[in-house]
Amino acid sequence: MLGSGLLQGLKVTAKNIAGSFHDPERLVTVEYPEQKTKLPENYRNFPFLVSENATDPMGTLRCVACQICEKECPPQCIYIEKSKDKKPDAAGKMQVYPAVFDIDTSVCMSCQICVEVCPFEAIKMDQVFEIATTDRFNALLLDRNQLAKPNSYYHQIHPTEAAEVDGRLLAERKAAEEKAKAAAAAAAAKAAAAAAAPKPVATPTATAGAPGAVAATVSVAKPATPPAAAPVSATPPAAAPAASPAQNAPASDGKAAP
Amino acid sequence: MNAMPGIFAAATGADSLLERWPILFRDTVAGFFPAPLQWLVGSLISILAIVAIFGGVFAALTLLERKMLGRVQNRPGPNRTGPFGLLQPIADGIKMLTKEDIVPRSADHLLHFLAPVALLAFSILTFAVIPFGRNLVPLELDAAVLYFFAAGAATELAIFMAGWASRNKFSLLAAMRALAQLISYELPLLLSFVPIIMLAGTLSMTGIIDQQAGWNFGFIPKWYIFTPWGFAAFAIFLVAALAESNRSPFDLPEAESELIAGHLTEYSGFKYALFFMAEYFGMIALSGMAITLFLGGWRAPLPFLEFIPSYLWFGAKLLGLLLLFIWIRGTFPRLRMDQLTRLAWKFLVPLALFNLGTAAFWSLTSGWSGPLQLARWGVAIALVVVPFVLLGRGLSRGVAPRTYRFA
Amino acid sequence: MSEPATDAPGLSDAERDELRRHGILLTKIEELVNLGRSKSVWPLQFGLACCAIEMIAASMARFDIARFGSEVFRPSPRQADLLIVSGTVTKKMAPQVVRLWNQMPEPKYCIAMGACAISGGPFKQGYNVLKGIDRFIPVDVYIPGCPPRPEALLHGLIQLQEQIRTAKSSGPKTTRHLRPGDCNYPVPEFGDRDLEPPANPAVWQPPQIVRSEKA
Amino acid sequence: MSNSGLEFPAPVGGSHVAAVHDPFHGDLLEVSMGPHHPSTHGVFRMMVTLDGETIVKLKPVFGYLHRNHEKLGENTSYLASMPYTDRLDYLNSMTNNWAYALAVEKLAGQPVPERAEYLRVILAELTRLLNHVCLAGFLLQDTGASGTPLMYAFREREKILDLFESLSGSRMMCNYQRFGGCRVDASPEWLAGAKHITDNFGRFLDEYEELITGNEILMARTQGVGALSPELAISAGITGPMLRATGVDYDLRKVDAYGVYSRFNFRVPLGDHGDTYDRYMIRVLEMRESITILQQALRDLPAGPIMDPKAKIRGFRPKAGEAYGRIEGPKGEIGFYLISDGSPNPYRYRVRPPSFVNLTVLEDMCLGQTIADAVIILGSVDIVLGEVDR
Amino acid sequence: METLEQIRDRLLARFPGAEVTLVTNPGAAAQHSLSLGLAHAAAMALFLRDDAELKLDYCSNVTGVDWPEKEIIESTKVSVPDPAGGPAKIVEQKTKRIQPGSLEVVYHLYSMAKKHGPVIIRLRTANRTDRANVPSLTPVWRSCEFQEREVFDLFGVKFDGHPDLRRILMWDEFTAHPMRKDYVEPDDYEWEPTPHGTVLDKAKAHYPPSALVAAAPAAPAHGAPTHAAPAPKEAPKP
């Protein structure tokens, strides 16, 4: 009969009108400024740099300016300039740090490839999305100070992921220390053997060329044996990083030189 | 003890204070003026009252429409400007007033300016004859219904003027559509109220309302909608009213998805607000007309509810009809142009003509009583339903839900 | 009213609060008009790319832009007061966007939604992509993100409403439509390789940032 | 009737509109349903020549969203192009990712573990639900139903988007698949959420069909409008629901049986008129089939790694050669044709977009119809400009 | 479906004058293709579509590929007789050869009737400049209409016999063919905050002359909030 379909349609809309007063399924609005939808843990917006502690974020950046993320970023919106001097990082090794680390949030497509390829867990995805501005040139080009956030903040927004990352870093550091200890013990044994050998040859004990003594355990590193854990600095072109980065297969760095 | 009903009667009777205060007010104010000016001041007051009240009803209607559409679509609608969004129409009004008014260089400036003014003038003219309350009839005409449709028919000219004057291809298409639609729906609109004139025997609104006084079986009011031919006429009138006021599913002239904004494409700021206001006034006027003809005007539906003043009943019925309009707008898609005119000429006009026959049969057999009464109702209902089903089948010949095969 | 009405003579803000406590509301016509304008911002129904889908999602039931009085997406530029540039503005589309902007009646506002509208975003190095719509038309609010969440759009809209509400009609920070000068933005032509002119100097003045040569 | 000197260029498709010459048909009205139009689904333009309201000539104009996807693809590495595929057909990012990953895996001969294949099927079918629900909503919006069906459709879409967001991190731009598997594993809570949504989707569809499918106005507006013959459809390379609406049985999930689709039993609905109503109904029936696939896939999702251990993220250099991989996207066959010369950047990176090719017959379907029909026919073709213009 | 060799032989049998060569695909996908001569291309395509055995009625994908001139250095081993009568030395001789560039159009054909495919055919133009013509296959498969127009627009391959050969993606006044390898984009690099490599070189054109003279001592990094033009820095050596 003509019009039966129309009446059915009216019935459905009537059900929705009536339902919107009592059934939460029929009134799904989240009144934004007052109520906010709970962001899932995996949510990502723009990257931020992880620093070890909150007191001195600039000093304890995990980033070692290896510029892998700058090369891999699809829209090329990261700009890094290495510092000339070095500073000790969490594990006590002397590392280069980024003098300039800019991310242009007006170009970034929040695809988290920089997080995926970073071998040092130095860059993670933030969850702040309320960043509407009226001035494009200054506010949207985030520099090092605006990007650096403490590890505690990282634990706050991505709890499970942060815990897993910290576990892996600790394991890695412990492994590095054991290897360093083993290497030191082997070096000490060889030195003792060499000392027991003919006396007259004075073993040259020049301090190692390696930049600065490895803080806690290793005594004077012999020039002969290369420093156990070669600092993973992707100084192009040939230095294949010994300690394979946690996440992905050893990357052959023969790729496009910067 | 019997004083109680007296007071009660005084407060509820036909001439209770609640009923007559508007007239008392008008006469006292007119009294201050010399005799020849009195009718002028009286009519000025009623004009001011109509424009003020229905201006407010228009503002509330825009808010009601947005909130009701919101409720249909599972969202609350505007609720941040003022408590529960009540100040939203005021904010819209202020913004529209202070908007720059752009007139395209190639437009016909005079017609472009006159179109909204004419549309609003014709829409307000139709309010002159609608009886809002027991003695709240602005203009007591004995050919009121004729006057109403004469004034209503002029709005087509204004819409075409708007479409033509803005020299824009989309508004030209919209103007052509508006003409075809409004003229082809003028006929079912008029034909649907002819049986009422036939049975009421008068063209004046108050006369028609008086015919619908009283209740049979004590609680069913003698409104025309509760007769088979009356219900059919009401349905036709409603569909035609939807088309006349360009409301969905007949909003072809102002079809957002095809013709950008139809004849309103080149109007900005306050002229656009005038168009908006004219459309809502047209809707209110047609609903008022439907109430007067079919729903017993300002009469109370049940005898013991007589104490509520008559204009409140008119307001309640008006609100009911407007909610029905908005509910229909939230549900149905839009018809195509040829389907629209085919619906008018091949479906509504024949049905309305059949309805004349059933109304004639109804008035001739008014004398039947007892078992003949049932026969009378049966034949009348058959005379309404059978042509509807036959014509309906003819209308939707090629259209049917389909079944699908699976590979 | 929160800002000190420095330029307006007469009542200072403290006095106005004092009067308000006594139930007397004092305001200037301009603030009333600004309040009305800010509460009923009608965007143009104009979407370019992925950000348009997020704009539509913002007008749907879950985020409901209607609460801000902006669910009326007017299709015709004549009745719209807000142009949300949501998506990549290509060089083939730029003249149309500027023409639409010119057709909108004053006072009009512009939101650059998403990385592409602000600076060409991920497609910045494309040969057919305009590096940001603020080369041709003035932008009031930039919303970064690719695409920004619907809540980010609502946050930008709230910021725009705040801007409109505190707009000044005189003094240094007069709103754009009251400033003297022609408010018609020149529409770029199609050249054989690029748009002529590639940018509108009246609107586009980037600061100079010098980057060093890198290995 | 002699041709009145008004030469109507014969449309390539061969369906002719006789040039009628009589005094009522005066000069034609050339209207540009231009890049800014409420119902062209983005920046798509149709130069329409109207005789009254009937369409006599319709020339589509593209390029307003040509974002040089392929040129950028040739200047960046394989991995860096993956997030760009999200922005091709920005309603279905998961199927775009899968098509690109499939093509690169075919190019490099990269195996994919079982669990990743199942996850890909689950996410592709969820994307199909999302796309078809959006289409039904936008089609009703074009017929003028003031947004109500679109609001119900987006209400369901938000639920699926929450699933994608909790898994991949972003609502619309998932960037989830890698060459040789997926990036993030689906947690048990996520799988439970997906199961809940799939089971309730059937109930929503019933209510949706009750509102729309029986509606006489919609049937009158869409039945018999924009009919397409099977021969023209095959010759014009139409794929997806639009092709199956004309009755041709060609669904890549059955023909190529890529991924693990051969393990699920599901049916492929076929129409027989090929008009707008059939295209709408085919998509509704496909949604019901997708629900059955989802339930089967969620039931027997195996455990195991989601990423092939030997797969390389950075420094990915496939051997010289070429490959064309294609999948059944919600809009039709989406394919990637890659030519590699051994360097980390592809030598030629070509996307075969379904909506761009499906638009070839837009003029043939619209000739003789009114301007209101052209809007619905365009809506039923289901185009997304990011993919049409690339 | 028959193997590509059988198809080639049947084509050669059917069109004696035509040249049909098999192009092997070294990659893992092993999707080999047939390169057709331009003279009989349209007729062969018609045959492929209407042949009862093949029935390739669906042309899924039309792609343009740009092969610019390539300098091929062939090192051929030449034995040079040692004048002092010693054993002949093997000397690597490098011969530089310019391989002429050409534009190629690749068609992926499938059969919807028999549900098999893909058969890939390639058409190469004579050169990249004046004789860049290829017979259009739109009369055979209607799906090539828009895709061929796109190849014409982005690569500059002129299709003879195409019903409506116009630009489809770029605006009509555009003169160049942007997808070619040697296309140079217009220069609008005023504001490039994160330039690398070629983008940095293009952005340099907009730097003030003072910045280009990189002699001044190292100034503090850009971090200055006002972005005033910081004094230039010389490049930190890697």
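Per-chain residue numbering starts at 1, and chain names A, B, C, D and E are given in the order in which the chains are listed.
Just so it is clear, contacts are C-beta pairs under 8 Å (C-beta built on N, C-alpha and C of every residue); 3 or more make two chains touch, one makes a residue touch a chain.
It should be emphasised that the depicted structure is a prediction, and the values quoted were computed from it without experimental measurement.
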item: Contacts common to chain B and chain C (chain labels); value: A, D
item: Fewest hops from chain D to chain E - one hop per pair of touching chains; value: 1
item: Most distant chain from chain E by Cα centroid; value: B
item: Central subunit by CA centre of mass proxy; value: D
item: Chain separated most widely from chain A, comparing mean CA positions; value: B
item: Distance between the centres, which are taken as Cα means, of chain D and chain C, whole angstrom; value: 33
item: Geometric centre distance via CA averages, chain E-chain C, whole Å; value: 42
item: Interchain centroid distance [CA atoms averaged], chain A/chain E, Å; value: 38
item: Chain C residues counted as touching two or more neighbouring chains; value: 45, 60-62, 64, 67, 75, 92, 119, 122, 125, 127-128, 146, 149, 206-207, 211-212, 214-215
item: Of all residues in chain B, the ones touching two or more other chains; value: 72-76, 256, 260, 330-332, 396
item: Contacts with 2+ other chains: residues of chain D; value: 37-38, 63, 66, 68, 71, 83-84, 87, 148, 151-152, 155, 158, 173, 211, 214-217, 219, 389
item: All touching chain pairs, where touch follows the definition stated at the start; value: A-B, A-C, A-D, A-E, B-C, B-D, C-D, C-E, D-E
item: Chain E to chain A touching residues, read off their complex; value: 191, 193-197, 199, 221-223, 225-227, 236, 238
item: Residues of chain C that touch chain A when the two form their complex; value: 61-64, 67, 112, 115, 118-122, 124-125, 132, 134, 139-146, 148-149, 151-152, 154-156, 158-159, 163, 206-207, 211-212, 214-215
item: In the complex, chain D residues that touch chain B; value: 29, 31, 37-39, 50, 53, 140-148, 151-152, 155, 211, 213-221, 223-224, 249, 251, 254, 267-273, 277-278, 281-282, 285, 370-373, 375
item: Residues of chain A that touch chain C when the two form their complex; value: 28-33, 36-37, 45-46, 74-76, 79, 81, 104-110, 129-134, 136-137, 139-140, 257-258
item: List of chain B residues in touch with chain A within their complex; value: 68, 71-76, 327-328, 330-332, 388-389, 392-393, 395-396
